[in-house]
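Order as written gives the chain letters A, B and C; numbering starts at 1 within each chain.
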Amino acid sequence: MIKMGYLSDKFSRTFAPFGILKNLFKKPMTLQFPYESLPPLADYRGRHALDLEKCAGCFICSMICPNKAIWPAEFNGRRYPQVDLGKCCWCQLCEEYCPNEAIKLTPHSMMVTMDKESAILGLGEEGFVPRHK
Amino acid sequence: MDIEEKEIAFLTVPFGPQHPASGHFHALMKVDGETVLELEPHPGYLHRGFEKLMEYRIHPQNCVLADRLDILDPFPCELGYVNAVEKIAGLEVPKRGRYIRIIMTELGRILSHITWIGVLSMVLGFDSANKIAWGDREKIIRLNEMATGGRIYPCYLCVGGARRDISQEFVDETSKALDYLEGQLSFYDYFVFKNETFVMRMEKVGRMTAEEAIDLGATGPNLRACGVDYDVRKDEPYEVYPEVEFNVITREEGDAYARSLCRRGEIAESISIVRQLLNNLPDGAFRIELSPVWAAPEGECYFCLEAARGEKCFHMVSDGSPFPYRVKVRPPSLSHSLVQFPYLVKGNTIADVPAIYWSLDPGPADVDR
Amino acid sequence: MSIFYLIVFPGFVSLFLFSLLCEYIDRKVTARLQSRVGPPFYQPWADFIKLMSKESLVPTMADRKIFTAIPVFGVAAVVTAFIYIPLWSTRSPFPFTGDIVVVIYLLSLPTLLLFLAGWHSTNVFGTIGATRGITQLFGYEVPFLLALLSPALVTGIWSLSGILNYQVEHTWFIAYLPLSFIVAIISLAGKLERIPFDIPHAAQEITGGPFTEYSGARLALMHLMLDMELFAGSALIAALFLGGFDYIGVIPGLAGSVVGFVLFLIKTLIVLFILICIKAAFARIKIDQLISMSLKWLAPMALIQLLIAVGLKFAGVL
């Protein structure tokens, strides 16, 4: 009796995995990346954006950044924060502790560059202006 | 020293750091034919010096850093740090904050176990289960993105609660994802855990008795598979675990197959815990607002919790300043890969080495910190 | 005309194209079974061109000439085996009595060449992979020979064209010898070193096995040898058990050849599909378990089938 139970166990264990054949009739779960992609959600921590009106130049963001990726830069006669995306760890502490809600993280996440210098976000009329592609 | 050496010709085979099977962990095997005579582990490829780095950063920055202590299972690392600080200061986190924390931690446990199924299958040559498990991870990673804004590194907890609240959309999506995962668990049952070749590779391999397991410092599913009923969530409960009902999965045999079944059972238990917590989610505040340079008073705390890999403990010493004086982490994988792995591998064949290694579920980032 | 047969039609060029088609179908169907999309149809061709264009390195202590000769010999052996398999009629371009034995012998050369390749790599992983390959040869070669030679043993005809004639007149051998068909497919999976039997080049334990030190054009030829062996092995099983080109008897003329060839291709793809399903459903087993499984289950199954068939023949039923 034990022998029969052992053999029938082995038998079912050998043939049950062929149930994977039902995957042939389902849609694949992967997306072909450059042509279709999963859009990031609204709260995703991506590239920074700065509101020049609201920024008070207090540099709390620079002090709280764990990787020291933010430091002051001159623009239009005032000092604003400038972010080095190569050092940033996307933790959102700068947004959390900014008293005027000036620096925010947008969901934009596709950032590519071959040049370390262009990873530093430049400053322009609308706030941060990316110099990478 | 007079050592008499027998004339065995052996090969030295590296189980190298550049290897699809070992994570970033290096071990040298002495092999005679197909039998492994001895294995010498060389950890340290992932040492980043977190404990020293944490002494120079304030608490919000350290919560971000604590994520990276174990990348496959980041929530218990943050939870441990934050709870240790709160215990020194005597802070009482609001109820909703505690519920949110444990919901995300249990979802992280499910993610870690599904990743473990994928990697174990890849290592056993079981390509299909690897690809399918990686697809199932996507459901939980999407939930992470919804709640925390990041897919793998959540940076979610802070001293006093959680940084963001969860929305009603998150609650609905989580219920759908949990239903899907329960269906997938029954698929994994007949495809992976009752697959004849999987059973042939894992049964009776790497056997530990209960005394050996306790001596070697095993915790988590490795210990529970040997018959010892020890789970930090039941024996020294923390956060909201006294209010949820779940079983502790133990098995008797202590071999690699028993460890696998323990982890599979834990996925089912975690799904039920998250369902209970979502049903009873209270309203209210989820965070105590603290200034970034808030300092805990002088004191010391040793806080233990149950990560996916085993028992993770944080020893925190505070000296009244915003920087912690000393943070020491007890990683569960240290004894898995440095102590149990060489012990269990002796006498087995080369083909058993990856099976034993991944059935112990070490996280190489966890070993080195 | 023989030059045409040798080089173009059932010879090198067409086997090259069919083996690339086979690899594409293998990867695409495996991917769909794993709910992925899979590569586009030109992927194996692109891989071949990419590998041919890369630099090919030889380890310092290894013998350059043998290192280069091994893939070339492998491809030559498989192409030579393939031209004796009848593709579109009962006769292959060069039929003779005993060609079934020659085909099976030539198809076992790639394993021996993999052993040599691993040994000459002077690399620890190559040595372990090579010894595993030879051990695996002991395991599946016996059931493979018993299963594939069972049509010849039962009917007493030792040439492929004779066996195909027999199948055209009576029914296909799968009706008389079903167990041999199953044993032949499983042993073919072992010979081709596919999951669940890809122990010699188990990438996750011994990073590559015999293939570790190969790169560039030599690796391209090694992969080509494995793909060609896949197609040739499936074609051999289709010819022996599923009746080759036959569905409605022999049709004379060019139209008959084309129809026969298309049917043959369909049957080869059926055998390939069974191999792919086995690959997608199982993990890799250990070498000692492989030897014990094949000597405990596969070889006895083939023997029992032979005894039943011979018994039925003597009883006058067959």
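Going forward, contacts are C-beta pairs under 8 Å (C-beta built on N, C-alpha and C of every residue); 3 or more make two chains touch, one makes a residue touch a chain.
Nothing here was measured: the structure is a model prediction, and the numbers come from that model.
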What chain lies farthest away from chain B once each centre is taken as the mean of the Cα atoms?
C
Could you say which chain's mean Cα position falls nearest to the mean Cα position of the entire protein shown?
B
Separation of chain B from chain C, taking each centre as the mean of its C-alpha atoms, in whole Å
44
Between chain A and chain C, what is the gap in Å from one C-alpha centre to the other?
48
What is the distance in Å between the mean C-alpha positions of chain A and chain B?
24
Where chain A touches two or more other chains, by residue:
17, 20, 29-30
Would you give the residues of chain C that are in contact with at least 2 other chains, written as numbers and ranges?
33-36, 280-282
Quick one: which residues in chain B touch 2 or more of the other chains?
128, 135, 191, 195-196
Touching residues on chain C, where the partner in the complex is chain A
29, 31-37, 277, 280-282
Of all residues in chain C, those that touch chain B in their complex:
30, 33-36, 124-125, 127-128, 131-132, 195-196, 198-199, 202-207, 279-289
Touching residues of chain B toward chain C in the complex: what are they?
11-13, 16, 19-21, 31, 33-34, 121-129, 131-132, 135, 191, 195-198, 200-201, 349-354
Within the complex, which stretch of chain A touches chain B?
10, 12-14, 16-17, 19-20, 29-30, 40-41, 43-45, 64, 66, 89-93, 96-97, 105
The answer for chain B against chain A in the complex is residues 57, 60-61, 64-65, 128, 135, 138, 145-146, 148-150, 153, 155, 163-164, 187, 190-191, 194-196, 199, 292
